[in-house]
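Input: structures, listed below.
Look for chain A in each of the two complexes below; its partner is chain B in the first and chain C in the second.
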Partner chain A sequence: MTRLLPALRILAIIWVVITVVFVTLRLTPGDPAELLLGPTAGRQDVQERLADIRAQYGLDQPIPVQYAIFVGNVLQGDLGESNRSARPVISMIAAAAPVTIWLIVLSVGTAIPISIFLGMIAAARRGRTLDRGIRSLATLCMAVPSFWLGLLFLQWFASGLGWFPSRGYVAPLTDPGGFMMHMALPVITLAIFLVGTLTRFVYTETADTLQRDYITVSRAMGLASRTILFRFAAKNSLTPLIIVVGVEIGTLIGGAVIVEEVFGLPGLGRLLLGAVMSRDYPVVQGTILVITVAVILINIAAEMLYRYITPQARS
Partner chain B sequence: MSASAPITTRIGRLVPRSPAGIVLTLLGIGVVLVALFPAWFTPYQPNGINARAILQPPSPANPFGTDELGSDVLARIIYGTRLEIAIAMGSVALAALFAVPAGLLAGYRGKTADWILTLIADSILSFPIVLFAVMVVASMGASVGTLIFVLGIVFIPRIFRLVRGQTQVLVEQGFVRGARAMGAGTFDILLRHILPNILGPVLVIVPQLMAVAILIEAGLSFIGLGVQPPQISWGSLLLVSKNYYVNAIWYPLAVGAVTTLASALLVFAGDLAANAINPDRRSG
Partner chain C sequence: MNAPLLDVRDAEIVFTARRGGVTRHIQAVSGASISVARGQTVGLVGESGSGKSTLGAAAIGLQALDGGEVLFDGTPMPAEGSPAWRTLRRRVQVIFQDPFSALNPRQTIGQSLAEPLRLHSMGPRRSWPDRIAELLELVGLNPEMARQYPGTLSGGQRQRVCIARALAVEPDLIVCDEITSALDVSTQAQIVALIADIQKRMGVALLFISHDLGLVRAIADRTAVMYLGRIMEAGPAGEVFETPRHPYTRALLGAAPIPDPVLEARRERIPLRGEIPDPADPPSGCRFRTRCPHAREECAKRTPLPEPAGGAIVACHFWREITGTEDRS
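Then we have the complex of A and B:
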């Protein structure tokens, strides 16, 4: 039973998420069928199409039946069709997802080494000017609105100096060089936020570890500070970083949504915001559902990986 | 031992003593005064139209320049403080209203109530904040009220977890057990013995949540889902100033810098408060 409970919790959380998405549409003022049909509701064959949608989603049925149909569809991977383009929502998500995944993977990849370096240096120089400087910088990185920073970068490095293209996206397979150039500014923008969070974390962990007995013993044995810092302290401080990155993935997706909007990257964020603006409810629902479930699974994966690496956390 | 002793020791630690703490506290009071009495701090009206002073660079009269209608940018930032504080404080207060009782109940009762309340909290936590906000705004429409509602909801699990954890620890403490042995009711124990002791830790995370509120407000207003112009908040000013990065960089630069500074100082204040209340584990 105790082994089953975590799995049960995960399923329960996913179920709550699906339910919240369902309820939100029902709470929206207006006829759900018209919302799902979208702005084309004024056309000639509107009654016919509304009837189609009512039948498809069972909107003429009582709420519990509607709910069962919704959950059933979601479990089968059927998220409905865009009311703008009539494309299946799931394939629109599949088309946009790589851009967002690239953006996040590259940002995490950029931020981790920088944060480890800054955090450990600060911990080793604890209380000195360098430490204070690094930690103030980390706080600033956390506090700066990323879209504002992104727009400043665009103004200075794209429009001003012409180092980077200003907006848009090129797939990595069609033009690897162009891909890197288009991704550079968005990745730096998103990585800066992450560096703020992760540096603070690495600092706390390393500072704690450096106070442990075995570090004192190593020092007494005459091991070089650098060896102690990077061989022993690093090992203990950095494993939890996995879990932090896993937990931060939700915040990171939120950041990515806004960064994509600033840099015109055709990822999930743009898909979602475009759908909100054009009142394309099936796309809004589907995108939020898929991203949230993905975030939950990543959180869990991070936690499991952490337990696998550190046996003492397996209790 | 009287029940009031722990209150004074724990909350008392939050009274600033270090120079940085005193400066931050005075600054905080200053910002609240700015929000309450903006006219004391600027001679200009936030919506003053002056066709002859459109997008003027910074000068002694307009330290942050003027905007597209000739209003003083500093005056607009000052008048935006009110909504900023209302959103940041309103959302935290709304969250505390639900999260504190729920956390007390879950931590004290345990069992089924705990399992269900924790499940709800974890479910809210699993939504990325921005996505949750976009979903709610898509159905309720963008307004200050929606923003406070959304932020209030997403802050609930963050306060709930803290209150629940603290309560679980306190329930096992001698003075709580003693009170129970002497026949104190659940309500009495929660209100008189546990609540006063968890206020300190709860107050400590308030600045951090307010910083998140300011950043989310800025982000959502920027994508058109937050405060709508002509209402003035820092986020709506960032949205309006979007078009002037080329010709009047001081305008977005000033608004963004103020937003960054405000949230950085809040994070910093949160770090200081956390160290004050928990001196054993200094993290910042």
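Then we have the complex of A and C:
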């Protein structure tokens, strides 16, 4: 029973999320069929075509029936087809997901070492100018909106200096160099936000650890300050970072949506935004479902990893 | 070779603290001297904020001095990182108040105890498990505990581990900074009994910092009374507690209950009025004058220097008159 409980909780979360998305979509003004037909939709002679489209996608059914069908399909692992392209939602997600995964993995991979470095230096120099400088920088990183920063980078480095391509994406296997060039600005944009959050976290944890008496005792016993910083403070402060990255993954996906839009990366964020604009219900529902499951799984994985590497948390 | 083990001479320590854009120079320790002979227990008492911990840290080289000097075994404090510094790190140890903060939560008790052995290459590595078991037994703990994490231990047990860790390298001096104040009363008594017993058996010298006068009285050979960065009175513990001469010592003893009923009945009650002044802006002359019932004009003008008074030393211009009049009344 106790082992079953977390699983039930996860299912409940997923159910709530997809239901809220389902309901919100139907409450949002805008008819998917009209949007599909475009500007001609208002005319008398197209009423019939609208009805056809509605019937084709099951939009003519009462909403509770639509909901029942949707949930039933999801339970069978079927996310349906796009209202616009008629492509299976699952294959659209499969095509977009790698872009988002790359964006997030590269951003996290860039942000973590930088944050550890900055956070630990600030903590070791607590109260000095360097510490204040680093912490102001971290606050700035958090405060600057990603879309604004992204547009600024595009303006400077892509349009202005021409160092990077301005928009678009190339798969890493097709053209590794092009991939790096296309990803550089989006990754930096997203990493900057993450550096803000993570540096502050590493700083707080390290400063807290350094204040502990066992640190002073170690120093009294002859351990060099540098060794103390790297041996104890680092270990004790960095393991909770795993949890933080896990928790931040939701925020990060939110950031990725914006960054993908700004830089024209064909990832999940863009897929989702486009689908919301055209009221492509199945795509919105499917994408959100997949993102929710991913966020939950990442959190669980972070938790498990944390438990694995902190023996005292197990007992 | 009659030099004391530890000899702190005219120590000055000033902290620079910025608060709300204002820079304050906190005079934590101002011309304080204290010495500890081999195998001796010296109590250091005083109210919170009087600079006891700072002086204790300076005594073992963990706090840099802004004036004065610290001699250990007649030798000035070596430079951090030098070979002499390494040796000194074995000879002096420290135990703190909060046993929850004093042990790394990520290390087992055994790992915490192995740390000093490793740092000072105390015997071959394979001898450590036995040594750790021996240390745990010495402080009255089950050797099995070596495998546990501090999270599973009580405060008293943790403090015992801290004592064991300090003893691991067979030091000459241990600074005990309020080692019982975080514990409940019955545990306090056990820890004091333990440290007193170990002190006797191993002959280690202790600088025992506490604001619990009863405790210091029970354990110390000599006692120093500190107020606002200065030593007000110092001498044999019995003498300081039974014939206190400095108005501050008298006030402290007046505020604390004395376990001895004869003394309790005989003593005068002069309550300690007011608050301890700001160490960034201490009173001129005698630092105790703002709270001293005997203060006069003279006290604001001249700083009283410690002078011999019986077997002790007292830093008060008028201790003779004061002890004379009050003891007669």
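One rule holds for everything that comes next: the second predicted complex is superposed on the first by the 263 of 315 C-alpha atoms of A that agree within 3 Å, B and C clash if a C-alpha of one lies under 4 Å from a C-alpha of the other, contacts with A are read in each partner's own complex, and residues count from 1 in each chain.
Please note the rule applied: a residue touches a chain if its C-beta (ideal position, glycine included) is under 8 Å from a C-beta of that chain, and two chains touch if they have at least 3 such contacts.
None of the values given here were measured: they were computed from a predicted structure.
**Student:** Give one word, clash or fit, describing how chain B and chain C relate on chain A after superposing.
**Tutor:** Aligned on chain A, chain C fits beside chain B.
**Student:** In the overlaid three-chain picture, which partner chain does A:Y214 touch, first (chain B) or second (chain C), both, or neither?
**Tutor:** Second partner only, chain C.
**Student:** Quick one: name whichever of chain B and chain C touches more residues of chain A.
**Tutor:** It is B that touches the greater number of chain A residues.
**Student:** So in the superposed three-chain picture, is A:N236 touching just chain B, just chain C, both, or none of them (first/second/both/neither)?
**Tutor:** The second partner, chain C, only.
**Student:** Report for A:V46: first if it touches chain B alone, second if chain C alone, otherwise both or neither.
**Tutor:** In the superposed model, A:V46 contacts neither chain B nor chain C.
**Student:** Of the two partner chains, chain B (first) and chain C (second), which one does A:R200 touch, if any: first, second, both, or neither?
**Tutor:** So A:R200 only meets chain B here.
**Student:** When the two structures are overlaid on chain A, which partner does A:A68 contact: first (chain B), second (chain C), both, or neither?
**Tutor:** Neither: A:A68 stays clear of chain B and chain C.
**Student:** Please work out how little space separates the C-alpha atoms of chain B and chain C at their nearest point after superposition, in whole Å.
**Tutor:** 5 Å.
**Student:** Just which bits of chain A does chain B share with chain C as contact spots?
**Tutor:** none
**Student:** Which part of chain A faces chain B closely enough to touch in the complex?
**Tutor:** Counting only chain A, the residues touching chain B are 9, 12-13, 16-17, 20-21, 24-25, 27-28, 135, 139-140, 142-149, 151-152, 154-155, 159, 200, 203-204, 207-208, 250-251, 253-255, 257-258, 261, 272-273, 276-277, 279, 281, 284, 288, 291-292, 295-296, 299.
**Student:** Quick check: in the complex, which residue numbers of chain B touch chain A?
**Tutor:** By the definition above, chain B touches chain A via 119-120, 122-123, 126-131, 134-140, 211, 215, 218-219, 222-225, 238, 242, 245-246, 249, 252-253, 256, 259-261, 263-264, 266-268, 271, 281, 283-284.
**Student:** Inside the complex, what are the residues of chain C that reach chain A?
**Tutor:** 18, 60, 62, 81, 85-86, 89-90, 92-94, 96-98, 101-106, 112, 115-116, 119-120, 149-152, 162, 165, 169
**Student:** Per the contact definition, I'd like the list of chain A residues that touch chain C in the complex.
**Tutor:** Residues in contact with chain C: 127, 211-214, 216-224, 232, 235-236, 310-312, 315.
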